[in-house]
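Okay, so chain A shows up in both of these, paired with chain B first and chain C after.
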Partner chain A sequence: MKKTVAFSTFTLKVCSLLPALLLFVAPVGAQRFPKPDFESGYEYPELRYAMPSEQLWMLVDVALLVALMSLVAWAVVRRRTRTPVVAASIISVAYFGFFRSGCICSVGAIQNVALALADSSYTVPLAALLFFILPIAFTILFGRVFCAGVCPLGAIQELVNVRSYRISKALAAALGVIPWVYLILAVLFAVTRSSFIICRFDPFIGIFRLGGDIGMIVFGALLLVAAVFTGRPFCRFLCPYGALLSLFSRVSVWKAKITPSCISCELCHSACPVDAIRPPYANKVKESRQHGVRRVLRYMALLPLMAGAGAAALYVASDSLSQTNKSVRLYRMVAQSEVAPQDELSPELEAFYGQGGTAQELSLRVESIQADFRRYSAVAGALIGVVIALSLITLSLKRTRKTYEISDAACVSCARCFDYCPKNRVKATESRISP
Partner chain B sequence: MKDKNDSIGNPISRKKFLRVCGSAAAGVAVAAASGVLLRRTLATPPRYLWQIDPAKCTFCGRCETSCVLPVSAVKCVHANKVCGYCDLCGGYYRTNAKELNTAAENLRCPTGAIERKFIEDPYFEYTINEHLCNGCGKCAKGCNSFGNGSLYLQVKQELCKCCNECRIANVCPSDAIARVTHDKSYMLKDG
Partner chain C sequence: MKKKIFRNIAIVSAIFTVTFSIMLITNYFQVRGFNPLQAEVVETLRQINDENAGNLKLQEQIRQLDLLARRAYFVRLDHLMVGVYILVGMLAVFVVSLRLYYAKEKDIPGRQVSPADDWATKTRAREYVGWIAGGLAVAALTLAFFTTPFFKSGTNASDAQHATVAQAASGEAVERTELADMEAEGTPLSAEVNDEDSGGSGDDSVAVKEGEMKADLAEASASKPGVTHNCFRGNTSNAISPARNVPTSWNLATGENIAWASKIPRHGFNSPVINGNKVFITGADEQARELYCYDLTTGQLLWTLAASNIAGSPAQMPETTEDTGLAASTVATNGRQVCAIFASGDLICADMDGRRLWAKNLGVPENHYGYASSLLAFGSSLIVQYDNSKSPKVMALDMATGVERWVKNRTDKITWSSPIIAYVNGQPQLVLMGCPSITAYNPGSGEQYWRVEGLSGEVASSPCSAAGVVFGASEYAALIAVNATTGETLWTASDFLPEVSSPVATESNVYLATSYGVLACYDAKTGELVRSHELNTEFYSSPVITEGKLYVFSNSGTMFIYSANRDFSLLNSFDTGQKTFATPAFTDGRIVVRTENSIYCVAEKKQARS
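Take a look at the complex of A and B:
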């Protein structure tokens, strides 16, 4: 026994010199020791690895998505009642949120689709594609029924919402730009294969998974606390998919409407958690239509100006933006180590040289990535400029409204207004009694 | 001017017209884009799962710390058919082990997840206790440096959340983690 120990410590000492060498020469363990021939009739244990049935889960996910959206669409557009929306919210938070751990999600699918549209070598997973397209299709038909209670992120905020304190118009307008900027930046980082920032900064995923990045969990908890007092802060002031859906819900075919026999009681207006119901408004500014149109057209001169400024700003910043890309970061490390070689290599450099990478080949790759970044950053900056300019111009539009109106873009079809509308309730009671 | 305005109709109907145009445009755009993407998606085999290519892995240890789960979904797996069944195992014992016994200071695994069983002289069978393994890859590094490389890291598919963007893949120095097709959900060394 003693002999073996002595021998082995010797071997270990020799071997301790080797690893640095071995990692370069043979990163993968070679067959250094022969297969043992057992005499005792030993048999290799049989190892089994659980195979996931992803196809099945995808089917369940998509089926439930469609079923819940249909339920909400029926409740909001036909029945004008809230109970099914709450039911859908609970199911969504339980299933899509806690059970399926918040992945797959439509909000994150934006990035897969954007990357697939920009880069034909990338294919979107079928589930991600369906989760991206189906809510948009439903939005074009029925308004933002997905936001109402099918999206677990919206549903969890909907369920904790108690009061709907109104946020000042100016603040809401300023914060309302954020989702668009977030959307544009997310697409920028996705198409350059740098990072999926929507997935990375998902505030509720840590809560759904009961663990994760502590910073994001705290942020998510703060958002939930805010959601108790004001409706859906995430949906309104952060969600990039909500921004996209608001675009489609402007042109949706059917959608939630104010009760036709409205008595202007203002209950729906004060009940709306997302401030989507606009009260009647008499425009005091006497301005002829022609004059108004001219004024807005003059403001439109702002559009190319802002777009140009945004494009220039992000173009200048594109080099620092490109640092989010893994290859660009690696190139910086390689360049640094070529200038001043270090004794101890970082795991990145070890792997890079181990795989036989050369600085030249990498620099070519990084140059093309940075060129992509410059191009896409300019486009993104221009779009951000347009978004800011358009939201400023919208502020100057004052339309006269004779009745209460629902802002199609802002309405998330949560159906709270139906519960508060006295006329809607009468109608619902009648229909319940009559058949 | 006024007459012309009247013949067009009031602003409401114009609004309605614009809305119908908008619906149609949005519908066509979405249908076209989804048609193109759907065709491409259905034409290629789906790559949904994440897996580590053991040929690329450098055992940097980031799998343990970067996974979104409290305990990483990456675990060490052992290819018995590659293993040399050595007594002096580079994955089992530390490089500077004072004595070859099961005392913790001599063992490489920080959680004691490697179990060993005497088979016959001089062979020992090694087994990974998956519940204890945290995917740090220390044993895999040892085994690959001194032995046959029968210990290596794999993503356990029943634990993996299949994040849209794998946090480990983001920091993997050798790009060993990538999405794989269903038939390659495990890249095992013993065929």
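Take a look at the complex of A and C:
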């Protein structure tokens, strides 16, 4: 009986750990647990291990990434057409999303790179490095073509989008701060080796994997429902990599442009799902120039203060933040266990003591982690302060636009505006007619 | 027409998707909550099978049920997965039909919600950014509130953790239990004392200022490397040791696992304490009262300090009974000073190298058996429970100077038990047994927290605590569990009660050893007797728990090791051949035992060599 139970337990464990086993069994080549011995004379089939193919898949991943970005760049910058962007979105969602289960992705690669920069003992996987760098390189050249339809997170929102109901421009502008805060916190937790929060809280990963944390799946589903009626809520108000790319897209060499023969029909402006097209605006001054200048100067003066306040705030919160680190949590468990010993040790404590761990050794490690947290939290807080101050400064600048303009930072190169532009259609028709 | 069809498809698929999502989520939680390996029916049958081994029919039935439970589990998982595929498909149908419905309806100009006034938009956006910044600041401050002493009246786990960790980093070793105590429970940083009831003069009433308390707390965690056992039954005197790799068998006759053994120059019933590589005990007779320091590794007597030339010390030693003697009180150390007290009332403190720092006579205690309460070190304070028939009191002295920090007169009758520190909701409480009460004080000021009556007779057993509950027992009275937060009695029990030996508690159970040879385990929450063992022996030594095992010596010298859980099963027992009344001291890989006339150290051979 016991053997039957043991076998069942073993089978279950194997089933549940199958993905992990596929990765680890082959190189290790040894059984972690002894096999049950069956009285019935059952013989185990010979184990066959699949050859590792990660290298091959990495090549396919990178090649497809480059190919799709090139396709979108060609479609957006050269052809000014949307169809290839939609095609790229479908391929991206199918391949990077469902087939590759949303991993690896450029958004999460930020953390690998940040950790590698902070910790020389960590070697960033080549795929992660390329997935981080290549979209940035393409952004510098062609704008945010990666966001257009190559990123599976953006692509799935793009595909489900039916209507583009606008949310308040003021609110959208303010919410634009959040991706930066998320980016800064993600880097903080990565460099302290605590957690890759971008991966952990990826709202679409559960959808791509058709399973996972129920909370995140529900969150992802709600985001998708929102994406049906408004353009890319995740990209605009959460995506940390999007925030980073928006920085580079400001200086991109070739990018999506308003047609030179614009007739100001407003169609592109209305069509843009991310509100990246700014209509002509005559700056009707409602306050004196001196007042406006003073405000900007005031925010500039506030910038170092806000940086300092942010640094101080996160510095004092660093102990709480450090609780995300598993060693810090373990230390707390060890401490509690030693004050009020339990009859049964938790698996974590059993593993800790089983490996000969001592509270003293752990305390030294925790001290180092908490010191890191204090240092990096202060930097992160300062950066958040700077982001908020810069947002306020940017929102205090007055500009006059005589024509429609594309906000390079906000534009995700989805090419929807080209679909709407009557001049663009005429041009396309002409190009088809002309020999 | 087509448009209508697409609209209807979109509506139907939307309704289907929502309904199906709810069903799937419900099913998900059902599957998640079900573990086929712990199916209730199967578990029950397994238990029956365990009790009646050999019932082949039953076993076959269990197998079948087990298989069914597993099949049901995996079928549910399959259904869940199929459901997910259907849901994804229906979502796709919804999105596609919606897109087709709107295919020819382009967004037309003039639908924007925001005003076209760019400047007004920016002005409002600045407001929103201000709100976001405020929200972030509130979030950061909320997080900080939970960890920063600046925002709180006392420290919490993290603060203490910082203190102890900082000490560890600065090269000072941190003892595990203290570290844990400080970390998990925290201690008050400010306590001002205005001891109006103190027996001393106004000048003697020492106001313990915040800085002083901080120093106390900091010192509470400072000691030598490794696990220390600074007082009777460990650092807080709760008989829980964090020591690891402690031997579970030894033989004095063959020398198996015996690192060293040494004769003690003078008699005593006090227990050894360990700090770093030093072991302290005392011995006394009519001729001299002495404090001994042994090398933990070699057993060499490093130094002896005589409690002599003390002002007020009686020329004639007080009369004591044979089973108490002049040196029944265990010494206490904080890693910087070590202090000892004798039945004559002589209290002496030395540094760790045996240099006398100060000594005083507290007045010869009127005690018909002999003074027996052990000292307790709490940071830089030395706690003395000076119970006697004439003027019972408890006091805190500066271990380095002997200056009295506070003193509190007690109304209870004389006892022979020892003080402990119980950490309750992050605050240390000094808990004393008395007759008829158990009383808790602020160890920084002597202020009384609570008092619970219920003891009687001659109280020699000391209290113990776990998870905010204090347990105290005396023979012919009761075992009392007190909620140390409120001072309310949680329960009492009287099945088996100790006379001399003190109980030890975990969050789940309380264990005690009686002088008529019963080892008993009570449920810490209810007081229900969980299990008892009648061993036909006598226990004066107190049980100590380490590594989930309960170690206790009988008076005849038999070591009993039981599992410290509800099984409370015997793991090992063996006769050491030497009468043992003292409670052994534990550190990593070693146990130091005081017998009637000697002291020896138990260590695995490799430990002993190291």
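Convention: the second predicted complex is superposed on the first by the 377 of 435 C-alpha atoms of A that agree within 3 Å, B and C clash if a C-alpha of one lies under 4 Å from a C-alpha of the other, contacts with A are read in each partner's own complex, and residues count from 1 in each chain.
The working rule: a residue touches a chain if its C-beta (ideal position, glycine included) is under 8 Å from a C-beta of that chain, and two chains touch if they have at least 3 such contacts.
None of these values were measured; they are calculated from a predicted model.
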{"item": "Which superposed partner A:140 touches (first chain B, second chain C, both, neither)", "value": "first"}
{"item": "Which of chain B and chain C A:90 touches, first, second, both or neither", "value": "neither"}
{"item": "Which superposed partner A:248 touches (first chain B, second chain C, both, neither)", "value": "first"}
{"item": "Chain B versus chain C as contact partner of A:334, first or second or both or neither", "value": "second"}
{"item": "Which of chain B and chain C A:270 touches, first, second, both or neither", "value": "second"}
{"item": "Partner chain(s) touched by A:211 [first = chain B, second = chain C, both, neither]", "value": "both"}
{"item": "Which of chain B and chain C A:125 touches, first, second, both or neither", "value": "first"}
{"item": "Shared chain A surface residues [contacts with chain B and with chain C]", "value": "4-5, 8-9, 12, 211"}
{"item": "Residue ranges of chain B touching chain A (in the complex, touch as defined)", "value": "19, 22-23, 25-27, 30, 33-34, 37-38, 40-42, 44, 46-49, 54-56, 58, 60, 62, 68-70, 77-78, 80-82, 84-88, 90, 93, 95-97, 99-100, 119-120, 123, 125, 127, 141, 143-150, 154, 156-158, 161-165, 170, 173-175, 182, 185-186, 188"}
{"item": "Chain A to chain B touching residues, read off their complex", "value": "4-5, 8-9, 11-12, 15-16, 18-19, 22-23, 27-36, 38-40, 42, 44-45, 47, 49-52, 54, 101, 103-105, 108-109, 111-113, 116-117, 120, 123-129, 133, 136-137, 140, 195-196, 199-200, 205, 209, 211-213, 247-248, 250-253, 326, 346-348, 350-352, 354-355"}
{"item": "Contact set on chain A toward chain C in their complex", "value": "1, 4-5, 8-9, 12, 159-160, 162-171, 173-175, 177-178, 181, 207, 210-211, 214, 218, 221, 224, 228, 265-267, 269-271, 278-279, 281, 283-284, 286, 306, 309, 313-314, 316-317, 319-321, 331-332, 334-345, 353, 356, 358-360, 363-364, 366-367, 370, 381, 384, 388, 391-392, 395-396, 398-399, 420"}
{"item": "Residues of chain C defined as touching chain A within the complex", "value": "21, 25, 28-29, 36-37, 49, 59, 62-63, 66, 70, 81, 84-85, 88, 91, 95, 98-99, 102, 106-114, 116-119, 121-133, 136-137, 140-141, 143-144, 146-148, 150, 157-158, 161-162, 164-166, 168-169, 173-174, 176-177, 179-181, 183-185, 225, 240, 242, 244, 423, 466-467, 506-509, 545, 548, 564-566"}
